[in-house]
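Common to both upcoming complexes is chain A, partnered first by chain B, then by chain C.
Moving on, here comes the complex of A and B:
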């Protein structure tokens, strides 16, 4: 597979993921039924509780809660494993790897050949770090997968995030797909005219030219979009329409989230 | 004689070295449905942007209802508010105009900027979605819509403000025949209303449906104006301005020949 095909496959993959997330956000699951503000507050409380906890079993318990929420929200653990747990394990694992070797404490094992000691305290510390990050990432991904992006943004607005920040995030999400499509079309048209493999320098030239064209298109588009905003009365201030309504289930779940987070915070001190 | 909605006098506009409008003169009267006809690059879209106060001419003067339309004038918040409330522009590329996360938010954008009461905004947006028959799209993200759906949303996002003047840049461009036909039906529905409608197009099939008066553009100047029926008979003028071309076709009798002519389609 040449670099054009690999890039095209990457674009298609990114679009498929976004489509999967949007379909999942519409499913009839526990988290999908909740008011986005309750979800943001509840999940944020659990993330903070996991981040503050110093005991592995407490962090493990919050992770188990995240898993239960995933199952009841129709999010497949296999998808979570592939998209969250494995990449997080690889990334955080590298950071946590030296901990069992450098943190002093009771020796539990020695590495063969190198004869370096692994300590119980170091292993516990590394496990805590990895589990904490896995838990926080799982909860955050659940929030995004089970809520349409537009609702997440509105919930952030209601929770006091500055409106300009929210609007920029919303527009970035909207136009990233347009540019993705544009880049995809550009590379596809190039592939339709290519025979055989490109040499290294030619590959780099093609990639640089594509980036240049995309930047130029982006600038043109941003000017046009600004014009379209002005045409409908934009004068530098941004206003949004918030239309949330809470139901009994929302208040019950908020109580459950806060109780679980408080319990985890108390036990994990 | 009524004050023109737009009066364009000796307007010149350049993109770097390229002249888009060259000492252009035209006036658009209130309540008229006007078509700006011309081939690609003849300056139609640039004129719409000038009429909407998005870009300003290098030379010449544009007035809106007797008031100068200049960058300085549009610094005045009261004037800008009134101007944006009264004039709506639908862009040719719908992706330019669809920047909100959902269709509902998109249609609500204009009213929010004009700071209408929130209850009124909700009611008006719902009503406009209903009128445009796109209520089922209201929670959809614009990047999942077809081109026809996007065009309808862009039109709804402007019409919700109930502007007195509607500027439409190639409203049927890139639409399939059915969507184009729906769009034309909608524009025909504006006939006899109070709105002033300015439509740019090079699609001669729709001109008589969407306009009572036409201006033909060539290289940034108006080369002819008049009633659509009269102008559409001027074959040599249309050929000279690249609006029609001679091409070969086969008749049912088996005869093959070429000559410039207009098309009309049935859907």
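Moving on, here comes the complex of A and C:
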């Protein structure tokens, strides 16, 4: 697979993920029914609790909570395994793998043949890192999969993110798909006209030229977008329509989230 | 480079969020002042662009491919402050949307890539590019170095953040709670990858895009090139000077050195290893060889190989003293004049040959097809994509 095909595969994968998230966000599950503000606060509290926990069993317990939330939100563990657990395990697992050999401490076992010592401290550190990263990634993915992106952004305002950033993030998200499509079409047309293999310097020149074309188009588009916004009466001020409503379930879940996060923080010290 | 959640302690994350906030604030104020009402549309679209650029697979030397952050190219086109905001926004979307980089570590990722990356890229680009014209190849080199340095500076920051974790955050048994490796492991582990592949991806992207804009739309490079000389001014020939006035300082220095060459005679002892076969039979020379070799006596016989090859070539001025000169000092000066003269002569001949070739238009470079049509044939190798493509 050459660089054009790899880039195209990456674009398609990104668009697929976005579509899947949009579909799942419409499902009738526990997290989908919650007010986005409650979700953002609750899930972030759990992520921070997992990050602060010093004990492996506490991080494991937060991971179990994430798993229960996923099941009740109709996110199948198979999807989580494929999209989160396996990639994280591969990436972080490889990083953590030498830790039991490198970190000094009490020797618990020696590798046969090589006779290298494994330390208890190293094993504890590696398992702590992998579990913590898996837990945080699962929770973050749950937040995105169960909430339409525009609502996640609006909910960020409760964390004090300035309204101008919320608008920029919202617009950027929309233009990502336009640019992904534009870049996809550009590279697809390039691929359809390419016969044989290009040599290294030519490949790099084609890639740089593609990025250059995309930058030119984007800068031109930003001018067009600005013109269109002015034509619709934009004067530089931005407003976001908040249409959030909290129900009894939201308050109950907020209490549950806060209680769980506080419990994890207390036990994990 | 995108640090996931769980690698850094919450306190490190908080410190790096805290460090990033003033930069974001200053960047927002500066960009707002500059862009006014254009801020929202421009930044939105450019953040989306930064996100898409990060997804490009770039072909690297050696047949592999890699991803770039695009921080140097964003800095060169938008300036460092807008780049900080655009890359930070793209990193936030990546973290939440793709899970690439964590939410708690977002401050660290923005600090490393958006802030340190943009400011380093800007400093390197401005220093290396100087006042070179927009279309100068020096700007391509500057962009390449800016990209390479920026990504390595960002990687170094990330490595330090990883490396300090086991120093401060361990459980009661001494097991590290977050990134487990000390600075002595974290820094080489991060830097080897970035000094080679990741750095190259950034270098290829930055240099390639600047070279592309030089061909298609150099005005896009204006923002970070204040004081750039216009291309025609840079091409204007330097006011002609006589050859003598140009080479006079060089000639003076050379003459001085020639006069001073006899100082070499004052050097005591013998140059180690510069012996000939006869020296092995001369008692005085043997003493000098032993003195220069830590008082180890040389072999009684001259080495056979040395003896055989010694007579292959007999120099006209042995020991820098021609046979017809009695005083060694005069011989030294004469030898220096002779040697320098030969070198200058060789360069003059090579220079005149090169100059003559340049003046003759070469017919080998013209692109004439088999049918005699001089039009270049568009092939899949044509790097410049038409503007309307896609």
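Just so we're on the same page, the second predicted complex is superposed on the first by the 249 of 269 C-alpha atoms of A that agree within 3 Å, B and C clash if a C-alpha of one lies under 4 Å from a C-alpha of the other, contacts with A are read in each partner's own complex, and residues count from 1 in each chain.
Everything below uses one rule, namely that a residue touches a chain if its C-beta (ideal position, glycine included) is under 8 Å from a C-beta of that chain, and two chains touch if they have at least 3 such contacts.
Quick caveat: nothing in here was measured; it's all calculated off a predicted structure.
Undergrad: Would chain B and chain C fit next to each other on chain A once aligned, or clash?
TA: Fit - chain B and chain C, as placed by superposing on chain A, sit side by side.
Undergrad: Applying the document's definition of touch, where does A:22 land relative to chain B and chain C: first, second, both, or neither?
TA: first
Undergrad: Please determine whether it is chain B or chain C that touches the greater number of chain A residues.
TA: When the residues of chain A touched by each partner are counted, C comes out ahead.
Undergrad: So in the superposed three-chain picture, is A:54 touching just chain B, just chain C, both, or none of them (first/second/both/neither)?
TA: Only chain C is touched by A:54; chain B is not.
Undergrad: Using only C-alpha centres after the superposition, what angle do chain B and chain C make about chain A, to the nearest 10 degrees?
TA: In the superposed arrangement it comes to 90 degrees.
Undergrad: Looking at the overlay, what does A:245 touch: chain B (first), chain C (second), both, or neither?
TA: In the superposition, A:245 contacts neither chain B nor chain C.
Undergrad: Check whether A:149 is in contact with chain B, with chain C, with both or with neither, and answer first, second, both or neither.
TA: Both partners.
Undergrad: Should A:231 be classified as contacting the first partner (chain B), the second (chain C), both, or neither?
TA: first
Undergrad: Measuring by CA atoms in the overlay, how small does the chain B-chain C distance get, in Å?
TA: Minimum over all C-alpha pairs: 8 Å.
Undergrad: For chain A, which residues lie in the overlap of the chain B contacts and the chain C contacts?
TA: Correct list for chain A: 149, 170-171, 173-175, 178, 221, 225, 229-230, 234-235.
Undergrad: Applying the document's contact rule, which stretches of chain A touch chain C when the two form their complex?
TA: Within the complex, chain A touches chain C at residues 2-3, 6-7, 10-11, 14, 17-18, 44, 47-48, 50-52, 54-55, 83-84, 88, 91-92, 96, 99, 102-103, 105-106, 120-122, 124-126, 128-129, 132-133, 135-137, 140-141, 143-144, 149, 152, 164-165, 167-176, 178-180, 182-183, 185-186, 189-190, 193-196, 198, 200, 202-216, 218-219, 221-222, 225-226, 229-230, 234-236, 238.
Undergrad: For chain B, which residues are in contact with chain A within the complex?
TA: 49, 52-54, 77, 80-81, 84-85, 88-89, 91, 93, 95-102, 105, 108-110, 112-115, 118, 121-122, 139, 141-144, 157-158, 161
Undergrad: Looking at the complex, which residues from chain A come into contact with chain B?
TA: Listed in rising order, the residues are 22, 148-150, 153, 170-171, 173-175, 177-178, 181, 221, 224-225, 227-235, 237, 239-241, 243.
Undergrad: Provide the residue numbers of chain C that touch chain A in the complex, in ascending order.
TA: Spelled out, the residues of chain C in touch with chain A are 4-7, 9-10, 13, 28, 36-49, 51-53, 55-61, 63, 65, 70, 73, 77, 89-90, 92-93, 95-99, 102-104, 166, 171, 173-181, 185, 204-205, 207-209, 211-213, 216-217, 220, 380-381, 383-385, 387, 389-390.
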